[in-house]
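Labels run A, B, C, D, E and F following the written order; every chain starts at residue 1.
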Amino acid sequence: MFESQEYITIKKEELLEKTAPLFKSGHRLVQICCTKLPDKLIMDYSFDKDYKFIDYRIELPLEGASLPSITGIYFAAFTYENEIHDLFGINVIGNALDFGGKFYRINETAPFNKVVKKEVKNA
Amino acid sequence: MSDILKMCKTVVSSLRKKPFCQMYPFKPAKFYDHTRGHIKLDASKCILCSLCAKRCPTGAIEVDRVKGSWQINRYKCIMCIECVVACPVKPVKALAVENQYAPPMAKMEMEMFDVEVKKPAPKPAAAPAASTPAE
Amino acid sequence: MEIFSIILYIILAPVAGGIIAGADRIITARMQSRVGPPIMQPFYDVLKLFSKQNLVVNRFHVDYVLCFLIFTVISGGIFFGGGNLLLCIFALIVANVFLVLAAYCSNSPYTLIGAERELLQMLAAEPMLLLTAVALYNVTGTFDISDMLKTTHTPFLYIPGVFVALSYVLTIKLRKSPFDLSTSHHAHQELVKGLTTEMAGPSLGFFELAHWYETILLLGLIYLFFANMPIVGIIVALAIYFVEILIDNINARIKWELMLKSAWIVTLILGVGNLFVLYFLSL
Amino acid sequence: MDWATFLILFPLIPTVLLLFTKKNYEAQKWIVIISSILIIAGSIGLAIQQVGRGGDFYYINAHAVNGLVVFGDIIVALVFLYICRNLPYKKYWIPLLVVVQYGLVIFYDLTGRMPEMSRYIYIDNLTVIMGLVIAIVGCLIAIYAVGYMKKYHHHHHGIEDRSHQFISAIFLFFFAMFGIIFSNSVAWIYFFWEITTLCSFIMISYSRTEEAKNNAMRAVWMLLLGGLAFSFGIIYCADTLKSLDLQQILTMKKALVLVPILLFCFAGMNKAAQFPFGNWLLGAMVAPTPSSALLHSSTMVKAGVYLVIRCSPILQDTAAGAIVAIIGGVSFLAGAAIAISQRNSKKVLAYSTIANLGLIILCAGVGTPFTLSAALLLIIFHAVAKALMFISVGSVDNATYSQDIEDMYGMVSNMPMLAVVMVIGISGMFLAPFGMLISKMAVLEALATRSPLFPPIVIFGGSMMLFFWTKWMGHLIAVTNKVPPKLNKEIGIEWIGLAGLAILTIVTVIIYPLIGEWWVIPMYGQCPMFSENIELTIGIMIVMMILPPLSFLIHWKNLVYTEPYLSGVNLEDKTKFLSSLGTSKEWSFKNYYLEKYFSEGKLLKPTIIFTICLWVLMFFMENL
Amino acid sequence: MPNRTVIPFGPHHPVLPEPIHLDLVLEDEKVVEAIPNVGFIHRGLELLCEKKPFQDMVLVAERICGICSLVHGIGFVNGVEKIMNIQVPERAEMLRVFWSELSRVHSHLLWLGLAADGIGFESLFMHSWRVRELVLDIFEETTGGRVIFDAIKVGGVKKNINKETLDRILKQLEKVEEEYRQIADVFVNDFTIAHRWSGVGLLTKEQAITLGAVGPTARASGLAMDTRMIKYGGYDKITMEPIVETAGDCYARALVRVREVYQSFDQIRQAISKMPEGGETEAKVTGFPTGEYFSRVEQPRGEVIYYVKGNGTKYLERFRVRTPTFANIPPLVQMLAGCDLADVPAIVLAIDPCISCTER
Amino acid sequence: MGFLKKSPWILHYDGSSCNGCDIEVLAALMPKYDVERFGIINTGNPKHADVFLITGSVNEQNIQVIKNIYNQMGEPKVVVAVGICACTGHFFAECYNIYGGVDKAIPVDVYVPGCAARPEVIIDAVIKGLAVLEEKQKNMKKNA
């Protein structure tokens, strides 16, 4: 048996205003996930209450993407945001507990997003 | 008071009982039928088709058709048994799972089996290839 | 005669202490449903430690540990030479202070915290040790151990409370759970190996050796409660040690606050209380 | 001239001379050194003379100068009033204290109500020991002070250099102290008694800062309370007992003399900074360190305990005596407990002084010969070690501008010699075989048979002392890998004081059986911790002291140096580790202060209330 | 000037079976600040999906962690089966439930032991692991491995269990349960354990929600949340109620786990009784995955999420795991503030941290 | 002196293992296998240990930790790489963050195969390590 899920695509600017009501209504942040597609990155913000799964999706460009941090609403997001910064090279603005790229100390920059990596090397 | 002595029962009873210890090196290790110890090759059966090597997710097996050698790196093998499943030799496969685990070593060396190269090299396994998703 | 028994102590105490430690490990293992090491294991351990490299953070560290050993031996020597019990306990305290200093001088965070914990343990345990001396004095009328042994009545009968309280703090001194706060002599803990973290090879060997001497000395203290009945005394001392092993195995390690409070409360109620009872009875 | 008279009067010469040496350090130095030598020689002379006399006491009649004492009283009273000239708000009762007590005493004097007496100066072994302590320890501190004050003004810029006055006050102090211990007339004692108060005011207020002035004022009024009790005692003696002769009073019937004796004890314990009066001593910390050293070790507080010990024959086996002992015990416990939570080295020392004096008072309150001799040992060892501790803290302060114990971490790498001296001092305070521990053992032995109340007090207090001393000592001896900060390390003439006291700390331990044989046993008939075979005892002491330094000389072969265990995140720099955020971070360690249980805020108030209750109870019980 | 001691805690530390690093700032023994750091086990195995065909990714998923290995496999194949629309035979589903509950028992026993070790209760540690060995015997008998089982594959399971063995296992379970009861009694009632755990590492229900706690950590704070309630896989045929405690301290977390073991015993019996006799244990897998799915399953430590996205080749486009420990790290930071130094291991262990899961 | 052989104290560090080998190392200490029979104690402190059991492969972040711990152990010491992660890096060797087996960081004396290595093999390995340990001690003496 599988639960059914749907993914709601929103704009980057809407993120904060969409998450705040969820916080108020007692949803918990399930996860933040980033996926690299050949032409873009997609971010999934998943929330849950009473086993009901809500997923907001944001599309981002491959290079030089940036995001507002939701740590102001969900403090727990800091782990995900640091991780995404380290692995995908997405610049998360306003992270409440910023490890400054040292969350995972890896010897490559943004291994999940090779495009960014090349750029950094050239720079 | 009794709260402080809760563990007493277990402790004192184990003091009376025989230890749970299996006394390993002095008594042989206990294995089950399914126990995955190490992969053993029956060199006489192997046809050097290298299907096992292709299937192996860790690249532990190396097969050299020319020299007639079948090597396994025990330090890469994860005992997933995929190679055994993949081996096409019938009715008894050339590869088998032994219960006894591979011993620790001071050097990492490939374990080599010399396989007699059968004169007509069988066709590179066309039939079994279908059963596994194509490479 | 005294010299003779002192020499005997210096030679035999580590042997006896090591065997007791070995038995301790076997019994502990059996309590945990294991087989456990051979009884001579502690000796192997210590001899091995002496054959290892002497790793130090700075050299003074070894000296302090050596002083710890020496003073423990001195304290035991005073005890078994029939000297003054107070002097013996104070020498033991000095030994302990040297252990703490050894930790301090090595300048490494976990040892330092271990040192601080050891101090807390001393704060918890020393009062009872000294009180034992005072109580024994009240019963036997002397601080001299040689004279105490000549007593005709059994001190235990007069000061059972002190005996129980002493057994309680003995758990601290023997570094057994639930009071194994500063060295983690047995299970693991938040301080790695606490006080002994920086000790390696020979210096750890000294530490273990001193611990054996200490164990024998403390069991001797128990023995004094039955000074007029040698056999009973020895049996009770060993029984107490067994109880300590049992306690070690049926308790989690507690935190320092509870340790300090409980040790002091036990000292005050059982120890001091017993003295008061004795005082009023003899009035 | 008699040694005693010499000792009383001679200090006045340097006192006066020094007043004319403003900023002339050379002159100060020589005056201090020469007079110190003379004073020490005097005290030793007295001591030898006393041994020769077989330990008996004797009296000197000095009726001629009795008039001068009255005159002195008037002057002192005027000085006190002068001090009170610009009082802080609402403290008008301070001059009132002065007026009442001096009014009474001078009135009695001038109206001839004071009974006549013939034996003004009294010398026995107790006085001799006190004399030795005051002379030797005090003079070493005085010499130290010369060097210290120079550096003190080096880094306290705002303060006017009046060090000549300061040092002169030290000698005035000696004058008063010798006066107290040699006098047999309570009126004389009272005169000298108040001079010490005056001296401490001068010293405490030295820096003239607001805090210093306040603290000095507090010291004055608290001490004047003791003075008041003293004057009442004198009046009582004069009126009811018709005698001012202390020795005579002590031989009277207990019931008769208990009231004045208790008043004297009150004065004594007040001076010895027992709770609830501990505050003045704590406030005295603001003064330059030599004055703390002086107040805490050989003078001032020792005058207090001296008086209580003098009175102890009367206290023995009385309920009041027991309460005196309990007050001492409470001070001992509270002082030791609060010291645990203190970070400032001088404060730790101050609380430990209160505690140790409490122990002495405890012994005096119990009052058996056994405890008294233990108390004597305590006085000697405490004076030496405490003086050493204070002056070394002073030197550290001069070098690092900090009195914080945490800042002394790793001192042995920065200032090894000073650290060694301090370690000796601290060992002297609590470690076997050093003095304080011997005396504590003596106390325990002496108390063991008494009521079961006292041994636990000693034991618990002792354990707490062990705690704070050891953690301090540990800080000193930690061998750090840090580069030492640039320090002002020159210690000049102070070394005489530092080294002298350090050697004294060790020597007193070695010769203490002799002290016992020459002075204590003749007086009290016994000395605890003193067996027949002195040689063996001395031998054990020496062995215990020599072993540790010897072991440091061992040449360890095959030492392999490594870095400390830092959970595997060590960095090249041994003081740093790789932090969570990927930066290098310095690890640090601070001692435990257990403020949750032992802080001033938690313990001070209950102690004060409790001791006040005890005091009230004591006087109340007398009337029953 | 506060008395601040700064020390590193971990990555190598004997009470921590796994490397986690904390910068601790202490006052006496009180922790005033604790900054966690992970990454010592980061392997980056999510990216292996570009190199290994999706069937082999089960092996990879199982090697995310050796404690919850089997459930990792199940979670991953759940996702793949969903996007490939594979109907798993019922017997296989029940076997999966059987194994995953058994592995919950093994994981909880392991944790109880480690947690006991963290508070210095060595003999309880030993005894918990002694009981755990009995569970491992069942595993070895049925799958051939002690900790890494390799029993799951896309479309079903690799190993079948015959009837006699199942009966024997049921008997063995009786024995395990009896032994366990004795140990559980100690955990629930012992004085020193209560002293070490009760009131330590508090997390209120609100904090649990906002900080995103999952699993026993959340349930101990009164949050009735158990992913098994969404009835994935074979769980639709199993009846259960989430186990909830309200105290929100380490003790409650231990109690939740202690009680969950009983619950798992019950579910194992349910699974065995509901297992259809005979029948297939694997479905045929054809084609390549396309589509995406967030598969959610309940691990011993809480809810875990596998995101699988196929792109029609034999390699997955994206494989991502969000593990329970990862979600429990922010609550951990919250819990650590203000505790004692001696409580640090207790609290860290109370969330049952599995760093290899967290960092993959 | 053959005491080294009779009391090898182990230290265990989890490199980047999946916990599989890790808990098997612990299991070896537990009642069923009880390596204390051979005097083995899990010390948890590099300065006390003789045998370094390391599970899991080496990555960017832990390579320095492993080296630090290794350097803090007193000679003679042996290193046992437990599990194929520690030997060769498993298939994680292909991952971006993994350098490979433990021998990339420190010299390894005994390699233990298996994923996960069974407690029995771990016992065998430690015993095998003891021979190496003795050897090293002899060399140490010779050089001294």
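Note that in this section contacts are C-beta pairs under 8 Å (C-beta built on N, C-alpha and C of every residue); 3 or more make two chains touch, one makes a residue touch a chain.
This is a predicted model, so every value here is computed, not measured.
**Student:** Which contact partners do chain C and chain D have in common?
**Tutor:** Chains touching both chain C and chain D: E, F.
**Student:** What is the chain whose Cα centre is as far as it gets from that of chain B?
**Tutor:** Looking at centroid distances, D is the chain farthest away.
**Student:** If you average the Cα atoms per chain, which one ends up farthest from chain E?
**Tutor:** The most distant chain relative to chain E turns out to be D.
**Student:** By CA centroids, point me to the most central chain in this structure.
**Tutor:** Located nearest the centre of all protein C-alpha atoms is chain C.
**Student:** Cα centroid separation between chain B and chain F, in whole Å?
**Tutor:** Roughly 23 Å separates the two chain centres.
**Student:** What is the distance, in whole Å, between the centres of chain D and chain F, each centre taken as the mean of its C-alpha atoms?
**Tutor:** Measuring from centre to centre gives 60 Å for this pair.
**Student:** I'd like to verify one number: the distance from the centre of chain C to the centre of chain E, where each centre is the average of its C-alpha atoms, in whole angstrom.
**Tutor:** 43
**Student:** Measuring from the mean C-alpha position of chain A to the mean C-alpha position of chain B, what distance in angstrom results?
**Tutor:** The answer is 42 Å.
**Student:** Residue numbers in chain B touching 2 or more other chains?
**Tutor:** Touching at least two other chains: 4, 6-7, 11, 14, 19-21, 23, 57, 78-79.
**Student:** Send over the residues of chain F in touch with two or more other chains.
**Tutor:** Within chain F, the residues that touch at least two other chains are 13, 30-32, 34, 37, 42-47, 59, 61, 65, 69, 72, 74-75, 90-91, 96-97, 115, 118.
**Student:** Multi-chain contacts in chain A: which residues touch at least two other chains?
**Tutor:** 99, 104-106, 111
**Student:** Which pairs of chains touch one another in this structure?
**Tutor:** Pairs flagged as touching, ordered by label: A-D, A-E, A-F, B-C, B-E, B-F, C-D, C-E, C-F, D-E, D-F, E-F.
**Student:** Of all residues in chain C, which touch chain F in the complex?
**Tutor:** Those residues of chain C that touch chain F are 25, 29, 32-38, 41, 44-45, 47-48, 51-55, 188, 192-193, 196-201, 204.
**Student:** Would you pull the chain B residues touching chain C in the complex into a rising list?
**Tutor:** Within the complex, chain B touches chain C at residues 4-8, 11-12, 14-15, 17, 19-21, 23.
**Student:** Show which residues of chain C lie in contact with chain E when the two form their complex.
**Tutor:** 28, 31-34, 109-110, 113, 177-178, 180-181, 184, 186-190, 192-193, 249-256, 258
**Student:** Can you check the complex and tell me which residues of chain E touch chain A?
**Tutor:** 37-39, 42, 44, 46-47, 78, 82, 209-212, 225, 227, 229-233, 235-236, 292-296, 303, 305, 307, 309, 317-318, 320, 322, 326-327, 329-331, 359
**Student:** Which residues, counting only chain E, touch chain C once they are in their complex?
**Tutor:** Its residues touching chain C are 5, 7-9, 13-15, 29, 116-127, 130, 190, 192-193, 195-196, 340-345.
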